[in-house]
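There are two complexes below, and they share chain A, which is joined by chain B in the first and by chain C in the second.
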Partner chain A sequence: MAIMHIISLALVFAAALLAVFGIASAMAKSRRFALASGMVLLAFAAILSAYLLGSGANYTMLGIVHIYPFSMLFVLLFSVLMMLIEVLSFASKNFAGMQILIGFAFIALLVVPSATSIIEIFIGLELFSVMVTFMIIIEGKSHTEAAVKFFVLSAASIALFSAALALMLPYNGSMLLAPASASLAAGSAMLLLALVFFIAAMSFDTAMFPFNLWVPDVYEGASANVTATIAGIGKKLSFVALIEVLFVFFASSGSIYSPLLALLSVLTMFYGNFAAMVQKRVRRLFAYSSISQAGYIMIGVAVATQYGVEASIVQIIAHAFMIIGAFALIMWLETINIRSIDDYSGLASRSRFAAVSLTIIMLSMAGIPPLLGFDGKLLLFSSAISANMLILAVLGVVNSFLSIYYYGKLISVMFTQKERRRIPLNIGIAAVVVVVLAVVVVLGIYPEPVIHAASMASSSLFSLASSP
Partner chain B sequence: MLALLAIVPLAIAALLSPILKSRYDAVRYLSLAASIVSLILIAVLGTAPAGTQSITWFSIGGYAFHITTQTYALNMLLLYIIAIITPLIIAYSIGFMGVPSEQARYYFELDIFAAAMMLFAMSGNFIAMLIGWEMLGITSYLLIGFWHRRDAPPNAARKAITIVFIGDMMMLAAMVIIWVSYGTFNFSLLLRAQSSAALYIAMLLVMFAAFTKSAQFPFHEWLPDAMEGPTPVSAFLHSSTMVKAGVFIIAALLPLYMELHMGTLLVIFGIVTAIIGVLNALAESDIKRILAYSTIEDMGLMFVALGFGSLIAAMLLFVVQAFYKALLFMNAGTIMRANDESRSIHALYGSSSYKPLFIVMLIGVLSIAGIFPISGFFGKLGVEISATSIYAYAVLLAIDMLSSIYIFKWLLLPMRHQSSVYDQNATAWNYKLTPKSMMVPQYLLAGIVIAAGIAYIYIPSMLGSYSSAQMHFSVVGASAETVAVVLGAFIALYIFKLHPYASKLKEKHRYVFLSAYNSVASNAVYYYIGKAFLILSKAFEAFDYALLGFASAGGRSFVMFGNLVRKVENGQTNIYAIAFVLGIMLLLIMVLFK
Partner chain C sequence: MNVIAIMIILPLIALLAEIALSKRYSLTIVSISTFIMLAIVSYLLVVGFIHGSILVAQSYAYIIAPSISISLYLNIASLMLLLMASVVLFVASISGNIGAERAKLSSALMLLFQLAATGIFTSGTLIQFFIFWDIGVITAFVMINTLGTASSKKASMTFLIYEIFASAMLLFAILLIYFGTPLHTFNIQAIISGSNSMPVSAQGLIFFFMALAFMVNMPLFPFHSWLPGAYAEASTQGSMALAGILSKFGAFGLLLTFEMLPIASHYSIYVAGLAIVSSIYASIVMLSQTDIKRIIAYAAMVEMGIIALGISAFNVFGTYGALYGMLAQGLTIAFMFLIAGAIVFEFGERDMRLLKGVIANAKASAYSLVVGVLALSGLPLTSGFIADLLIFIGAYKSFSIYGLVPLFAIILMVAYMYYLLNKSVLSSRDRNWNVAYLGVSQKIGYGIFIAFIFVFGILPFVLLNMVH
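Let's turn to the complex of A and B:
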């Protein structure tokens, strides 16, 4: 057991060191040092968390870091995703300064999944959203509007979350991440209010309708690597917080929030898909598509069973990789001023790599087998069916069909024949995209590792709720 | 996963082919090296203790789906055959495929094809089997239609894939039935299952699926058309891959067929197919199509032996047929190459002028005809004596005699020389120009064909765990077989060698053998079935248009909604904040008034 303690200490230490090295590289103004230190430490964190996940360790360290499969799976996921973000951000002028933000953001990514109290989750989420706000700004003055929008609306969500905390505390007496005490679970008006405020706050972060109006503007206003961070990591982190609090703290109130979340999920899927259909700019298209994807993920949460959470986790992993890959390609194509759907016409003849990989990513998003997006959706819909929420599954399938409209439109536009100047390959972005494609295709064909890890994570989370 | 490891080299070679597209030499030798590594790995696998291995592909909702491999004697038998033939085919292809620009695509498809067959051969449950099965179907489609710019190959490929897909659907249906009634995909568990009506239907479906792959009546017509593919592909397809898949799956599930008393069905279909095959081969004059019909006949004979419950006899023919058929196709390719790619047997000359080729051809022909002691003899005789009824035995003997006629015709006609000495010399020179890489595999195969007779000794002991029955060749049976074959050879000699104007026979024997209309008739049946479906699809089209109108009306309303969203999302943060508040109110109302 001692070796486990050392490894988990090393994990925490790596996260701290990442922030320290971020400061150092900003002071030295060295982008290379920032990248090297960042990649090494993140890879280190990924290996340690993979080891801890595989060993099935389950204990609390220092009273604040809970090492168990659920947290380790997400720390592993987030460190791998952060490595992709590092590579994407390397092209940015202020990368050395950004490394500080990435370092502190990673602390939030470690804290939220392995939180032992709701306060920790609260602090972690705020830390992350402040870091994201800075990330938007640091890329240049032109992004200020997006940053302000994000900041103002996330302030509203912070306010709601703290209101929820304030309502819970007097009733529960403790903010530990454990099933709420009987008085809270009894179903008083205060509990309901706290639950609603919490869900509303999380709906902002996870972009549920109607709390999602900020998403397209921010996705369009921020630079692409930051957008990838928000879409691929930030939203997923909020889902982690939502899942943790709902299924541990509010574990006994499942019957109350389940229909609520189901409604949000259906509205979000339809809203995202309908709005994506009429978009002219590719960024906004993917913004709306990621809104609808969040709706799919919410299906598993709304199902409120262990199997549903397992399905949500698989879809979270799938979508995180897909959206980062998509925004990596968008980022690359924007450097040569390819922005609108019209600009994408004939892309295949300009860069076959870009067209083919974007096609695979979009097919995966639409849920075409044998890609990872399909596996996630299959699990989500089957979890809804097994929990007797057939209508949710049916609406999910309907939305999958709707989404094929706009993905298919972009794909067919890309493959129209047009002979134009070829686009030179960008090595960093190509590397990110290749990693994403490998994940989407290989794990799509052989999903057992992901499904197994997700089921370990979800059962370890549910055992928290059932233990006294 | 030791067993699956054997596929990896070929898979890697296949994936590297498109990357190394511009360096086609590398692609060829990479494939050759990969196939040899596979051969070594399979040899190593043969020394490991037999057993099943299983990996979980995915588990969902409490059901786990596995990819299971097994390395029992039957699986190893097929694996050895594929592993030995694959490098020879690839080596032959190196000389055969001259077009540099198509190399990468060719080896990509060929490697996948071989890997798919290996996966099929080692499959221990229906999932692994189906993956190999489907990949075989798709890659065979690609390989048959390889020369896609010509007219005939794409049509042949389409025909093949259509028939093969019919089989795939039947296989899937059988899998569903088995899963629903037994809850397992595992072969070894299924073999121990209680028989039931559902199992009978499932096994019937598997049987017909096997018929599509193994080109049995009424699904046999795709195979002669598949001759449009490159010759090495034909050699591969007819010897160790694709057509063998059908026989193999029946052999693997043979105890179930015996238990359900379905052997008679197999015998009937097998004999009908063998007769169709042998008569067509007699009537045919295309050097490759003769061999194709001969394959149909051989496969029919294997099903006959299986139907009589003699796994050993079927597997004996299974093994020897693989080698002699690969050899004969390679010979055919060599002859065609020297004669400007003509395929009509009346337009091919001078095979006797190139002695090495002629000797290996003779070995192949003696084997397929069934002359002692070359391996084909044991295969043919084994099938004959597996017959439990005297009528069946007589029919099988007659089939062997007729097959001896066509195969000697196949040997004798290309031996003739052109009338002009100049042409004779030119053809002889063309034969001399045959690349070494095309001849060496033929020498090796000829050696194997001679030596494969020892399968008679090894197979009964190797398959001892499957069937306790032993095979005894009696002198009477052997001499009857030999007499029939020699008689056939003499008839062929009389008609084709002694007759100087053999080409005039072409018109005559079309009437002699009415079976020449088999192709026409089968294709007409296919045509009418296709036509019936076309009428059905017209009805669906009309329905589809109605649906389209409905859908486009729906689509317009979606777009209207989308435009509404665009008006709301105008970049004004205060509007977003109002939506935020409205959302909270919505949630509260939902919670409070539930």
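Let's turn to the complex of A and C:
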């Protein structure tokens, strides 16, 4: 057990060191040092968390860091995703400055999944959104509008979350991430109110239907590497927080929030898919497509069973990689001013790599087998059916069909034949895309490791709720 | 090692070689790959003929929870379809790409289609069926979209929307079988043996969604509007693969549905009604067509209606008649599309009214077209005759005299085709066309098709003695 403690201490230490090295590289104004230190520390964190995940360790360290499969799976995922973001951001002028923000954001990414109290989750989420706001600002001059929008959204989310916290504390007597005490759990009005405030706060962050007007503007306004961070990591972090609090703290009121979340999920899927159909700009198309994907993820949360959460985790992993890959390609193509769907016409004859990899990513988003996006959707729909929520499953399947329209249209446009000059390959972005493709295709064909890890994570989370 | 596993891995290896090697080798690679498939299927046919029956089954674990295994299953039905698919794929590879346009892309797509066809006809589980179904659909979409004529973009989008709708319905039905019934399995044989334990209400729902999916794919009457565009605007290879093989996915699926769900016998009358309407409708719409590819497309639809009638007759004659019909129709329609592609290549003209003097300028194509129409009409000694005979015996047994109504559709279709042939292809002996000459590979293709059409017409017992 001692070795486990040392490893988990090393993990926390690596996260702290990442921030320190970020500051150091900003002071030295050395981009290469920033990249090298960041990649090494993140890889270190990934290896340690993979080891802890594999060993099935389950204990609380220093009373604030809970090492168990659920947290380790997400720390592993987020460190791999952060490495991709580092590579994407390396091209930016302010990369050394970005490194500080990435370092502090990673602390949030460690804190939220492994939180032992709801306060920690709250602080972690807000730390992350402040860092992202700064990222939007320093990554260019004309991104103020996006930054303001993102900040306002975070403020609204903070306000609602703290309202929920204020309602929870006096009745529960503790902020620990454990099932709510009996005085609160008996279906009281306070619990209901806290639940509604909490779901509303998380709906802002996860872009559920009535709360997602910020998404397309921020996705379009921020620079592509920051958008990839928001879409691939930020939203997923909010889902982690949502899952933790709902299935541990509110574990006994599943029958109350399940229909509410199912409704949110259905509305979000339809809204995202229908809005994506009429978009002219590729960024907005992917913004709305990611809204609909958040709706899919919500299916598993709404099902409110261990299997449903497992399905959601698989879809979270799948979509995080897919959307980062998509925005990496968008970032690359924007450097030569390819922005709207019309600009993408004939992309295949300009860069076969870009066209083919974007096609694979989009097919995976549409849930075409044998890609990772399909495995996630398969589990999601089956979890809904096995929980007897047939309508939810049908509407999910219908949405999965609707989405093929805009993905197919973009694929069709890209493979129009036109002879134009070729686009030179960007090594950094190509590397990110290749990693994403490898994950999507290889784990798509052989999803057993992902499903196994997700099932471990979800069962370890549910055991938190059942243990006193 | 299982021969079926080899058949599935084969196109994957060929695909890797295709990507790695230069354009010069692509035709060779795809020809070798499809030839090996044809050789393996012929070997299986010989083994089956000697033993009087054939059954290969093999299972590998794949995902533990929900338990999904890879199961390869081959019986007489799969063997007949594989035989048809391998002949069509082989000929399409060696002679389908007449103008040798975009050789690398078209060969890669043929290999993907080979993978889909092999996988779907040997699938032992419904999940495999679904995965290979979608691979086939996406490959066909890209085939139409990138290799088709100028107006193929719209046709390919229509095709994609219909087919993905079908696949969404199929996925829902599959998930319902696993999670909505006490069977908890995807294995087709296990479902067939345990089908009586399925609740009747669930069976009705499953039947509805499955039949819907398969009718869109075949296609039958109200779901056919993707057909003329997709078949006519695809490249020659694309049309051959679509009409010859992809439409059999649905027919094979419908056959499995009837086997899996006992309730299907209650609803078979509705499927039969749609099948009859479908073939009559297609033969009537055909009368206003003059484009050679559209005429063949509607002929394919007439024949699919008759095959669906055989399936819904749900007795030995009907079922094996339908299987033989799929074999015969697949070969004949692919043959006709090859000829149509060759004629378009030779004369640059698709309108039958303007195609005068084919007999004088391109003898091979003209005579082959005559043979093709004869085979389509179910002339004795061609494979179509055996199929029609069995199907109509089966249909008469189940639906009495109403089962014979589609004979009028055949009469109408063949009469119109003879009339057009007489007016155009065989009419003039002028040699004033500027004809592009066909390569020898197309003529070999004609030869192979004619040989197989007559072999299975004269020697039906080669296959049918395996039926018990």
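Here are some notes:
Definition applied: the second predicted complex is superposed on the first by the 468 of 468 C-alpha atoms of A that agree within 3 Å, B and C clash if a C-alpha of one lies under 4 Å from a C-alpha of the other, contacts with A are read in each partner's own complex, and residues count from 1 in each chain.
As a convention for this text, a contact is a pair of C-beta atoms (placed from the backbone, for glycine too) under 8 Å apart; a residue touches a chain by one contact, two chains touch by 3 or more.
Keep in mind that what you see is a predicted model, and the values were worked out from it rather than measured.
Clashing of chain B with chain C is the outcome of superposition onto chain A. Once the two complexes are laid over each other on the shared chain, residue contacts for A:L192 go to chain B alone; chain C is not touched. In the superposition on chain A, A:A200 contacts chain B only, with no contact to chain C. In the overlay built on the shared chain, the residue A:L347 is in contact with neither chain B nor chain C.
Contacts of A:S382 after superposition on the shared chain: both chain B and chain C are touched.
Of the two partners chain B and chain C, more residues of chain A are touched by B.
By the touch criterion defined above, A:I256 lies against chain B but remains apart from chain C after alignment on the C-alpha atoms of chain A. By the document's definition of touching, neither partner reaches A:L285: not chain B, not chain C.
Contact with chain B, but none with chain C, is seen for A:L213 once the two complexes are overlaid on the shared chain. With both structures placed on the common chain, the touch criterion links A:A275 to chain B but leaves chain C unconnected. By the touch criterion defined above, A:A156 reaches chain B but does not reach chain C. Aligning on the C-alpha atoms of chain A brings chain C into conflict with chain B at a single listed stretch, 3-11, out of 3-11, 147-155, 399-407 or 417-425. In the superposition on the C-alpha atoms of chain A, the part of chain A touched by chain B in one complex and by chain C in the other spans residues 378-379, 382, 386, 405, 447-448, 451-452, 455. Of all the residues in chain C, the ones that touch chain A in their complex are 62-66, 127, 130-131, 134-135, 138, 141-142, 145-146, 153, 156-157, 160-161, 164-165, 167-169, 171-172, 175-176, 178-180. On chain A, the positions that touch chain C within their shared complex are 348, 363, 366, 368-370, 374, 378-379, 381-382, 385-386, 390, 393-394, 397-398, 400-401, 404-405, 408-409, 411-412, 415-417, 447-448, 451-452, 455.
Residues 148-149, 152-153, 156, 160, 192-193, 195-197, 199-200, 203-204, 208-211, 213-214, 216-217, 256, 259-260, 263, 271, 274-279, 307, 375, 378-379, 382-383, 386, 402, 405, 446-448, 451-452, 455 of chain A are the ones that touch chain B when the two sit in their complex. On the side of chain B, the complex with chain A involves touching residues 55-61, 555, 558-559, 561-563, 565-566, 568-569, 571, 573, 575-577, 579-580, 582-584, 586-588, 590-592, 594.
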